[in-house]
Amino acid sequence: MTDTALKSEPADYVLPHHPVRDFLTGSVASIGITFILVLAVGLFWVGPKFVSFGNVSIMGTFLIVPLIVGAFAGFALLSGVVDLSIGSMVGFSSAIFALLLSMGWDPFSAAAVTLAFCLFFGAINAVAIVGFGAEPIAATLGMLVALRGITWVLLGTQGAIFAFNIELFNLVSTQVFGLPLFFLLAIGLTLLAALIVTRTRIGRHVQAVGGDDKAAARAGISVKRVRAGALLLSAFGAGLGGIVFAGQLGSAARATGLGLEFQVYAALMIGGYSILRGGVGNPIGGALGLLAVAGVSNILDLLAISPYYVNIIVGLLLLAAVLLDRLRGGDAFE
Amino acid sequence: MHTMKRAIAVMALATPAVLGFVGIAEAQDKFKLGMAVGGNTCCEWMKAQGDVARAIAEQNGWDYVELSNNNDPATALKNAQIFVQEGVDAVIQFNGQPSSNPAISAVMKQANIPIVTYDIADPGMYFVGIDNLGAGIAGGEALGKIIKEKWNCEPDLVISSEGAGAGIVNEWRTGGMRTGVKNICPDIPAEKYVSFEGSGDAAVALQPARDLLAANPNAVKMAVVGINDGGVLGLINAAEQLGRADEVIGWGQDGAFITGDNVNPHLVGSVFYFLEGYAVYAVRDVIKPVADGNTPPLKADAGDPASKVQPCPVTAEQAKSVPDMPERVAQLLAAPAGTTAYDLFCPNKG
Amino acid sequence: MSVNQALDTAPPAAPLKVRFGGLGTGLILAAVWIALIVATGLYRPDFFAQQTLLAVAFTMSIVGVLAIGQGIIGMSGGFIDLSQPAGLISASLVAVRLSEAGMPFPVVILGAILTGMLWGGFNALIIVFAKLNPVIVTLATNFIGLAALYLVFQLAQVPLNSDIYVFGRQSWLGLPAIFWPMLALVLIVGFLVPRTRYGRRMIAVGGNRAAAKARGISLRATRFATFIIAGGFVGFAAVLFAGTAGPFNPSSANTLQLNIIAGVILAGISLSGGRGNFWMLLLSIGFLSTIPTSLVFFGLSSDTQSIFQGIILIIAVSIDGYRALRRTP
């Protein structure tokens, strides 16, 4: 009798808030454990150098663009529309930005115009997917291909635009507290995104739309507005990433952003997002996923293990992480 | 008894410290070479460049760290930073995505570490490599002579298989080859020169090559140049598939497909760079002097390089005496230090 | 009468809608393909030539066979197989090694197909037993596979004038020899899938897993079968690839991927399962393979090719989505 009564109660408020248990069962639990494992392995094999400011700085510099792109693209995933065009968008953005810089524009106007272009292409994604109901994977795959073509035409026969701006390079490489400023900003952006997702009404709407769009619509949320907004955010983030990339490398080239969508989504999936289902995942988990992958490849670099094994190990890590997530009660595929 | 335990404990605690100290001392007087390989799975020679550098470093008793640039400009920059952190004394790189070279130069300069770059020059790096434009022209002139002899300088098409991903190197090689052809046959009209993007990969070049042939249905006498042997071979294979290979002649660059038993009869010549053996030049002229304490002056210009690799243009006939790459690597490493692949294998040194 | 028999004798779910949907897709595809051909022909009359036909048919062949494999995965609800490049290169390497050893052509073909099936089985093993999503699994196995392949070989090609080499350069009845097996396979698969017990199970599993399970279909067995069969098509595509490609390396197949997925989507084969007609692949792959050839005739650089292909894909899926919206108010 008491048993059934207890069962019918929602379990949430029966249990008091408990940080440790939250960590073990919360949305970032699997990736949290993976991340700590990577950290432990690094400390054991590489030694304290692994977490030294210098080494974290190296990883951090390399992670700035994926972190920015991931934080924004996460909103699209969360709302149930995957945006495969982010890698090409990064390449396109860096090409436009480098082109404008090489024409003598000042960085701020160049950045503004670049972002406007990116939003325009993001809007096309939104119109196709939200307006016409196109399948997101297919439509954004088309955008991926089209933007790559546009980028290559922009880059011309040399396949690159050099726009090394020493002030911009110094700004992007600024260090504070021994870490790259932009890395800290990207982490800050991630935390902000996490706050928006978990603590605001907008965040709850995005999750609701991704989790069950029909229920969300019944609850009076505009599914179309949320998804269109998420796609625009995703394009904006990729545009921002491309601008930072061009500042870091001093150039744009055919290889810029090539395959970045796989790198980012693999890490986001390790971090608990799903590219096939909305409503799951959290920006902090996504960022930890990126950090874990970067940590593994850094361990291999520092141990001077043949670089040809890196991709094999990253692939195995991806499998292990999604398996861990599944065993913890994530979605099983049958 | 008690003191014994304490002694053991002290010894046990001290051992790692002593080992660590020895390790540091050893690390300090041992020269450490960093090598960043290109890391594009397109190419046999990119892996071989690392293998040769590793073997030479071991012969010299140096420490050696190898990283892969993954054919990605951002990774190349990250690798430069890791080299700085790992305290290498000198770096060799092949960066197939040279757009990040200015940033890498800035990082290395700040850390005061000399860096050698292969084939694609940057103002902050010792240049070791081929004169790509010169190699292009040499190959073009050799092909031009055949065009003159065979077709009286009246080909239907001169086709260029481009690989824009390689940036300026592509322009030098394919542009150089066109210039070389023009040097011998100046009167070929401009509209006879056509080009297509083949990515420097025989398999990838096939489809665009077939399309180009279809769009020029009446061309029979076709001369082919390209960024490398693979790109040229892509067009030759496409012509075979469309039944139009009778009069195609191709002249490649890099010599990747002109050794061994499987040389396509339409590939009549190529230019060997012996890419696998660049480390010999880099070590002889830059790294060894740095290790010995007399760092040479920075020579970053492809026209006035720190170490110049000789191109070796060969006809398919001459190439028969050249062993394939794995065999060349073995022979190169068995030769006395400083002997280059050019010395060992080029059939017509001149 | 068992549930199995009931399922197998019953017509496929919602046949009319499927047929009309398929017909519409086919008409639109055929119309734009013809429009493209006519436009190019008006601009350059020499477009209508044997050489053009050969060029387009060559391009169609390998992509077409791989698209069958991709379509099988999609239709059975497995979304996308991102590991086709690694599977194709592994099987091509086996084909090269067997021809180097002087094996007869049928043995070479068999070896390549078995390698492809083995690769598909390997993927299925992880997907079925770890219960992980195929997209993620194949993304990872492609990463792992290509990296491992580069450690094994950096460059390979079939021996000059071996049977497979000659096959890759022959023409039969005015079309490339490699085109005919592709055509036959698309026609056969398109005929068998809606008409056989296994084909219907595959569609049922893709359309509605829970319902299929309730009818007594083994999800595991079906999943294994689809991945192994799709792998077999990848293995056969490797025969065509190794025969035509000349020297290839582990990354030579990466550029094929996008075209294959685009072809499957344009053909109206649903990536999330249960819907599609394999015959449409002939139209979608034919259309996509004509675009680059046409652009060269128009004198446009090959970089512009991706711009057109991308825009066409966006428009096509938008139309498809719009029609679906109207069908289900």
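Every chain is named by a letter (A, B and C) in the order it is written, and numbering of its residues begins at 1.
The criterion applied here is as follows: contacts are C-beta pairs under 8 Å (C-beta built on N, C-alpha and C of every residue); 3 or more make two chains touch, one makes a residue touch a chain.
Bear in mind the structure is a predicted one, so any value in this text is a computation, not a measurement.
Novice: Touching both chain B and chain C: give me those chains, sorted by label.
Specialist: A
Novice: Write down the chain pair with more C-beta contact pairs when A-C is set against A-B.
Specialist: A-C
Novice: Just the number, please: Cα centre separation of chain A and chain B in whole Å.
Specialist: It comes to 35 Å between the two C-alpha centres.
Novice: Taking the mean of the CA coordinates per chain, how far is chain A from chain C in Å?
Specialist: For chain A versus chain C, the centre distance works out to 30 Å.
Novice: What residues in chain C touch two or more of the other chains?
Specialist: Residues 146, 150, 301, 303 of chain C touch two or more partner chains.
Novice: Would you give the residues of chain A that are in contact with at least 2 other chains, written as numbers and ranges?
Specialist: In chain A, 152, 308, 310 touch at least two other chains.
Novice: For chain B, which residues are shared contacts with two or more other chains?
Specialist: Residues 47 of chain B each touch two or more of the other chains.
Novice: Contact residues on chain A for chain C in the complex?
Specialist: For this pair, the touching residues of chain A are 124, 127-129, 131-135, 137-139, 141-150, 152-153, 262, 266, 269, 274-276, 308-312, 314-316, 318-319, 322-323, 326, 331-334.
Novice: Where on chain B is chain A touching in the complex?
Specialist: On the chain B side, the touching residues are 37, 39, 47, 64-68, 70-75, 77-79, 81-82, 85-86, 97-100, 102-103, 106, 162, 164-168, 170-171.
Novice: Touching chain B in the complex: which residues of chain A?
Specialist: Spelled out, the residues of chain A in touch with chain B are 54-55, 57-58, 61-62, 65, 152, 155, 157-160, 162, 164, 169, 245, 248-256, 258, 298, 301-302, 304, 306-308, 310.
Novice: Under the touch definition given earlier, write down the residues of chain B that touch chain C in their complex.
Specialist: 40-44, 47, 196-197, 199, 201-204, 206-208, 210-215, 217, 230, 233-234, 237, 240-244, 256-257, 261-264
Novice: Of all residues in chain C, which touch chain A in the complex?
Specialist: Counting only chain C, the residues touching chain A are 79-80, 126-127, 130-137, 139-144, 146-148, 150-151, 209, 213, 219, 223, 258, 261-262, 265, 271, 301, 303-314, 317-322, 324-325.
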